[in-house]
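You will see chain A twice below: alongside chain B first, and alongside chain C after that.
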Partner chain A sequence: MFSILAAKPKSSERNKTGSWRSTKMPRLLKKECINCGLCAYICPEGCIEGKDKNQYSVDLDYCKGCGLCAYICPKNDVKMVENQPQGESKEK
Partner chain B sequence: MKKEHFQENCYVSGHTACAGCGQSMAVRIVMNTAGKDTIASNATGCLEVFSSKAPESAFGVPWIHSLFENSAAVASGVETALVHQGKKEGINVIAQAGDGGTADIGLQALSGMLERGHDVLFVCYDNEAYMNTGIQRSGSTPFSASTTTSPSGKHSTGNPRPKKPMVEICAAHHIPYSATSSIANPKDIEIKVKKALKIKGPKYLQIHVPCPLGWRSDPSQSIDVAKKAVETGLYPIVEYEYGKLTKSRKISSPKPVSEYLKLQGRFRHLLKDAKALAEVQQVADKNIEYYGLK
Partner chain C sequence: MAQAAKLCRPGVIAAYPITPQTHIVENLSQFIADGELDAKSVNVESEHSAASCVLGSQAAGVRSFTCSSSQGLILMSEVLFCIAGMRLPVMLVCANRALSAPINIWNDQQDSIAVRDAGWIQLYAENNQEAVDLIIASHKIAEDPKVMLPAMVCVDGFILTHGMEVVDIPEQKDVDEFLPPYNPPYKLDPKNPMSFGLLGTPDVYLETRYAIQKTLGDVLKMIPTVGKEYQDKFGRDSLRLIEEYKTDDAETILIAMGSVCGTIKDVVDSQRKQGKKVGLLKIVSYRPFPKQAIKKALDSAKNIGVIDKDISLGSDGALYSEVKSVISSDKKISGFIAGLGGRDIKAKTVEEIINLSEKEENSCRFIDLNKNILWEEFKTI
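Now for the complex of A and B:
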């Protein structure tokens, strides 16, 4: 009848929602970035981090591929590319 | 150039909102702006469901799921308890709900909270229908939107009733602050949450949050859709203080409403119906005049 109705804060992090991506994923080009921080600010998944120009990165374990980071980037430095379920290798 | 980073992460990854959900973008900004010294209540709805898939939570602050109808009442109780324990100083209490949980079933609890003067910020995430249960019309659904309970068709051009003016209804309680915001300008959400939390007493903030699923819009266009709502005059960005309109975001050359409507399946039926389209244009024109948006 009764069960535990409390959950640990931030425990959702165990859901790797990156598996939801179907067609596209973001690629940060790291060429024109001006460190405005907007991509990290608006990402609904909160899965973009970065502190310096051209140093931002996406945690593809959580990215759902919505494309809003590419929309907001004032320098067109985020491009949506064909999805790779495991993400891309770091060098790209 | 100033970076937009948050100091704290009070709403984290792994929640189950649809890709491109405006509500998930907004709640992250609200929570990270309010910071860790916050207690939040949450009505039933998409936000509650996608942030708290049992037994998990995306929140980094104490958070309580109320019922669909009483987020404001639960937050009132939390605030009152803190006051009685002498612990309210420095703690933000936020009540959250969707538009259905605000304008329809939660209206009585919200009005009570405003009337009793609780030091609570009520945030309405306005996606303009009951999304969590399958896109039924709410009091906040705009005129002519097609929903599952106001479908467009041979004998209907969608929702026959105007959008309920919640920001005015709250302002009519002469509370210190009642405002609208939108993910059209994500920074505006942070500015208004900061402003509201500095004010003691009841505050109301309604955020326009596109829902790609219910609006049948492209997830990558959520911000653009919200922008067009503001730029056409269909979603006025306004602030009321103690019952008086004190600020409105100006739109010097308003776009025709079709610019907004054409991005969404819920309005597609209007594009081939000149008369119905003109009626929606009238809604925008009236807003522009009423709120002095030009």
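Now for the complex of A and C:
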């Protein structure tokens, strides 16, 4: 009997590491955003990106649900919501 | 043993010298230098490198052979786990020797017992003929596309490695028929790039271990079949799970592994002449551990004595613990630690062990202990 043993090149693009997240995950409301960029700066996983007002997105494959983005947002435009299992939470 | 390894036509041999293993690879290097063996001998700076080297060459699809002992095997141990985890059927001969400290070059089986959990097939030879047979036969199991696990043939250091014995070396033609060229289901190949031993996250690691455990269970069923195939071809049944020596009606059965079984057989013969119903159960396959076969072989026994040339310090002998976990509680079972660091296990020692097995149970009794060199407090001499 065998289990996963070998990998073809570029498999790291498909296989995600860090499968866990805390009980909450962020939802960017995209209403009051002033493009200050604080959420992206404070994210310890570097998984928030964006260039313009209300245009930021979270890479939920790597988000750990720490809530710092919601804490730092001066406009309360990030809300922590109940976690969804990875793969099903494709909101960006 | 070098001859047996040569007959299997390895493509890469890498080992680091350590007593009492050295002359096996020394002879193999000589075969290569004399043009008798078409292989690459790699000089390495340590056993860790030797194991890493054969890991790489086997991953590249080449049959690979290495050899070690004692400290060398322990230095390899990190890579031994990798080889099994990457499912590479490397062949290793372990010349069993005691572990430091104090430094000791003589025989016991602590080194291979210490790496028993690595996922390797472990077979113990009683004599040099068995060593030759097991080296050739175990390749066939290890390289089976359904197995792909490394195999370690354990031979008692000095007692076997430096012993003179008439050995029947099979013909190359017959070995070639028995053992086809290594044709792995996966290998490193620039045309079909692939990586082995990558990150196994918590999502997949457990399954990789389960797969090895299941496969070793299959190996348990394969050993008698391949052993029979080997016997049909070469006439010897060296590859088997266990050997039962006069156990059928035996009331007292000793259990042991390796060369000490020869001495025990002698004692069994002489005690049988005196009418004592004693027998020997020799464990050939320690990994996978043949629980059912052992249980069946011990059916008639009232008293069981397990001889360990190793000890799991703070617990008991390794073989004793495992045999005890298999048998029913109405039998008397005792564990004996003997022959550590090259202390001879003589016929008299075996007789003593038989007598003690018939008395009260002992879990970890040291045999032939000299209490004059033991003190309660630190002392220099």
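As a convention for this text, the second predicted complex is superposed on the first by the 68 of 92 C-alpha atoms of A that agree within 3 Å, B and C clash if a C-alpha of one lies under 4 Å from a C-alpha of the other, contacts with A are read in each partner's own complex, and residues count from 1 in each chain.
The rule is simple: a residue touches a chain if its C-beta (ideal position, glycine included) is under 8 Å from a C-beta of that chain, and two chains touch if they have at least 3 such contacts.
Source: prediction; values computed, not measured.
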Look at A:77 in the shared chain and tell me whether it touches chain B only, chain C only, both, or neither; answer first, second, both or neither.
-> neither
What is the contact status of A:34 with respect to chain B (first) and chain C (second): first, second, both, or neither?
-> first
Superposition-derived comparison: chain B or chain C, residues of chain A touched | B
Check whether A:9 is in contact with chain B, with chain C, with both or with neither, and answer first, second, both or neither.
-> both
After superposition on the shared chain, which partner residues are touched by A:59: those of chain B (first), chain C (second), both, or neither?
-> first
Now for A:67: first (chain B), second (chain C), both, or neither, which partner does it touch?
-> first
So, A:19: does it touch chain B (first), chain C (second), both, or neither?
-> second
Which residues form the common part of the chain A surface touched by chain B and by chain C?
-> 4, 7-9, 11, 17
Listed in rising order, chain A residues that touch chain C in their complex are 1-9, 11, 17, 19
Residue set of chain A touching chain B in the complex reads 4, 7-17, 20-21, 34-38, 40-47, 51, 59, 61-62, 64-68, 70-72, 80
Which bits of chain B are touching chain A when the two form their complex?
-> 1-6, 9, 11-22, 24-25, 28-29, 51-61, 183, 186-187, 219-224
Which part of chain C faces chain A closely enough to touch in the complex?
-> 86-87, 148, 186, 193-196, 198-204, 207-208, 210-211, 214-215, 218
